[in-house]
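Same chain, two partners: chain A is paired with chain B first, then with chain C.
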Partner chain A sequence: MVRARILLFATLRDKYGVRELEVKCDGTVRNLIENTAKAVLDKGFLGHVYDVGRNKVRDDLIFSINGRNIKDIKEQIKIKEGDTVAIFPPLAGG
Partner chain B sequence: MVNKLERYRRQIAIPGFGQAGQHKLEAAHVVVAGMGGLGTAASIYLVAAGVGHLTLIDAQRVELSNLNRQVLHWPPDVKRLKTESATEKLHVLNPSVSIDAKAEEITWKNIDELLRNADVVVDGMDNYQTRYLLNEACVRIRKPFVHGAVEGLNGQLTTIIPGDGPCLRCIIPKPPPRKTALPVLGATPGVIGCLQAIETIKLLVGIGEPLIARMLFFDGERTSFTETEVHRNPKCPICGSMASL
Partner chain C sequence: MPGGYVDKILKVNLTTKNVTTEAIKEDVAKKYLGGKGYAVYLLYQYLKEYERRGLSPQNIDPLGKENILIFATGPGTGVPRFPSSGRHHIMALKAPLTGSIGSGNAGGEWGAFLKFAGFDGIVIEGASDTPVYLALVDGKAEIRDAGELWGKNTMDTTRALTSLVGGKNTSVVCIGPAGENLIPMATVMNDEYRAAGRGGLAAIMGSKRLKAIVVSGDQKVPVAKPEEFRSVADRCLDTMKKNPVTGEGLPTYGTAILVNVINNAGAFPYKNWQSGVMPDADSISGETLTKDYLIRKRACWGCTIECGRISSVKSGPFQILTAEGPEYETIWSLGSACGISDFGAIVKAHQVCNELGLEPISLGSTIAAAMELNEKGYIPAEDLQGWALGFGNAAVIVDAPWRTTYKVGFGKYLALGSKKLCELYGHPELSMTVKGLEMPAYDPRGIKGMGLAYATANRGGCHLTGYTVAPEILGIPEKIDPLITEGKAQWVKAFQDFVSVVNSTVNCQFTTFALGAKDYAELLSAVTGWELSEDEIFKIGERIYNLERVIMNRLGVDGKDDTLPSRLLKEPMPEGPVKGHVVDLEKMKEEYYKLRGWVNGTPTPEKLKELEIEL
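And now, the complex of A and B:
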């Protein structure tokens, strides 16, 4: 198991009431999100962030690992000890 | 001419800007799409800086609940067209700027004509449907697009140069769920709109490093900025087939 730092922004932070937390996971993104859902005591977090049917992070979110957008990471993604994961729900207002 | 130089003296003094930079601004045409919180904040600084020509697009009329953030609209302007209300004040701020007010909805039918003469397009929209329309048109006709969005005390910003860095659909392939009457502190679009004006002026003058391939997030709750790298998606339905610059 590895420990990662999770940062929630904007409406995600408002909804789940947490700005930053440390979460253990088996190195997969899905497990990281599942364990974050347990940490924020809300199962709905998984579906809010992860497209379970397509087994990937939802397309309407920006999910960055150490400052890199997960959509741009071509290599096999493995969460490592001390990684920082930031999740940004895109904003719409103007 | 002397007065003109005096008016812009403090920005002309910026290293790399100079009188040549001021002439570039005077010759430039910026389209501000949306005269809400972002568009009003951005256009104030574009006009104050002496951008020669602005096109302001917005079909809506001013409502009382707009006034906490749409700083060019004042109580006597309620029910007036936003483009009229904004043009009037911007003209007083800098009479040498030519302003073209378009009280129209942006659609696929009129977008090419609206953007045709733009050197830069500023995103002041409040929905992804129109943002995607602007993004697609800017990619197709090769116009720089300065994206901004806000909610509550949060903002986001990126500069899109078609062919050089990702487009909006590379970064956000699907729109977030549509919500109406989003909460927003007025100063939040003020922050992001001012940053959009800075990005636009940098592009026009050719100074600094634009926010290309980077998405900047403003967290007003903690007063912090975070950025993440964003890259082109070779399979993007909008810009994927475009050659890199």
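And now, the complex of A and C:
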């Protein structure tokens, strides 16, 4: 098991009442999100962030590992000890 | 006459006090639409006339009588249900800060109300000897004495003129003391809090002693195919409502939501771009703004996005009852760029900038450059006069706007803008500008396409011209990798061409998070009665961009100026997710020039012929 830091932003922060938490997982993104759901005491978190049917992070989020968007990571994704995962709902600016 | 126009351009010569009108030329409107496009066309005609008279464009003084200032609307402006169409665009032959083309765009109501007053645009020539303002009421225009208004801040000026003129749909565009004092970072303000900021357009008004333009009226803007337009507009508005950005993100958090997004990506410039990561960015984020400072949202005329914020600072040394904003760019320039994490100070400083009519991106960036100069020991103590100019000192950003406006103490050096300030102290490399215009809040070492966008934006270091942040970071319309250079040129060109159309329609660029060129083709076709395709939309945009570039070339700008500060080209990002990265500009630039049909930043005759640009 590895420990990762989860950062929630915008409406995710408001909905789940937390900005930052430390979560243990087996190194997979799915397990990380499942354990985060348990930590925030809301089963809905999994479906909010993860497309269970397609077994991947939802397309409409910004999900980054150490600042790198998961969609830009070409190599196989593995959560490592001390990684920071940031999750933003869809949004923008100027 | 096609729909969307009220068929009247006002021409004012402030030297002779001559006031005339001319009709919209339909053949020009078909090629250049309106707004920025039509203004670029008009500016080029002036340039040609000056050359015919023996005045070289490079010798035109931005603060002299020969400079031309144009306030423009387009066929979408002021049309009810045309998405987010309260805006106007301002163009000038030369911007005081950069010496090259001036271009600014603002929201609020003034653009729509200019149309209701009976005018599509206003061309200002010459200069008055004494302060004046223009009153455009119910189709008539007058030059009036502004002696009592000169010296007033933008809020007092707006309220005085709104009250004096009364009437329906009354709105004021004006300058504050910064514009009167010819500060090259002075911004034109309208409706109290909206700004056409970059390049010092308000200093041009100051040099012409034009304090304000008040508009009022009730004229309807004609629509060629009302039923078709209604159907297309309703569909577009529904698309915008359902889009997570225009329907939820921006309304809920405003543009400030970007602080954590960009900082997380390691591209939030910190302490004059010495890093791309701000340690306590969350303290000045959209989330913090919403939780601790927000009173309510505010929308521009005809806009469903409502990204405007009204804020207050409830207590502390920077207490303020109400202020509009701050926006992402202001939060960055007065915050992270200066190493400041005190949100109250940023809100207060922004309010002071608005009152004085001073542009925060350039001001904040200039302060940041001065902070780095001082920390490195390059500024003599006698110039500072005891001012504690250092990163993280919140009092500096609240103090700086009035010092700069009135050139008090070190303010007289800040008033130069960062390029001349850094040159003065022997370190031009510390000015983070392109073509003299300070770059906004995205470090291209972490968002490579923005490097090309900044380098090739006609008006200088501008993020709006080619906002590749959308695909590179936000994944709109699709996700592309921000750390590669391949393929970025076509994105930058596409954005530049499309945004040229948006600025010529004159409505809000934020609609493009949800709407595309096809939507604009349908909206504009229904309003004007022309049959416009998506391809034609891009061709019109490309034409406008190229003619603007022709003007730039005549002003002395070419490929050597399409570049970036050496910090971004040669200093690897020292920390964060994009540690080690620089901007590989030359590869992207080569690809971009090929796509554009330019050689050394100059459109070829073949390209101009293809675009039917007649020189």
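Throughout what follows, the second predicted complex is superposed on the first by the 91 of 94 C-alpha atoms of A that agree within 3 Å, B and C clash if a C-alpha of one lies under 4 Å from a C-alpha of the other, contacts with A are read in each partner's own complex, and residues count from 1 in each chain.
Here is the rule we go by: a residue touches a chain if its C-beta (ideal position, glycine included) is under 8 Å from a C-beta of that chain, and two chains touch if they have at least 3 such contacts.
Computed from a prediction, not measured in an experiment: that's the story for all the values here.
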{"item": "Partners on chain A (chain B, chain C) - clash or fit", "value": "clash"}
{"item": "Touching partner for A:K24 - first (chain B), second (chain C), both, neither", "value": "neither"}
{"item": "Touching partner for A:A10 - first (chain B), second (chain C), both, neither", "value": "both"}
{"item": "Chain B clash site on chain C (candidates 350-358, 368-376, 494-502 or 602-610)", "value": "494-502"}
{"item": "Chain B and chain C footprints on chain A, overlapping residues", "value": "7, 9-11, 13, 19, 59-60, 62, 64, 67-69, 71-72, 86, 88-94"}
{"item": "Chain A-facing residues of chain B, complex", "value": "34, 36-39, 123-128, 148-152, 154-156, 170-179, 182, 184, 189, 215, 217, 219, 221-222, 226-231, 233"}
{"item": "Chain A residues touching chain C - in the complex, by the definition given at the top", "value": "7, 9-11, 13, 19, 59-60, 62, 64, 66-69, 71-72, 86, 88-94"}
{"item": "In the complex, chain A residues that touch chain B", "value": "7, 9-11, 13-14, 19, 58-60, 62, 64, 67-69, 71-72, 86, 88-94"}
{"item": "Residues of chain C defined as touching chain A within the complex", "value": "244-245, 248-250, 252-258, 260-261, 264-266, 282, 286-287, 307, 327-329, 463-464, 467, 470, 473-476, 479, 481-483, 509-510, 513, 576-578"}
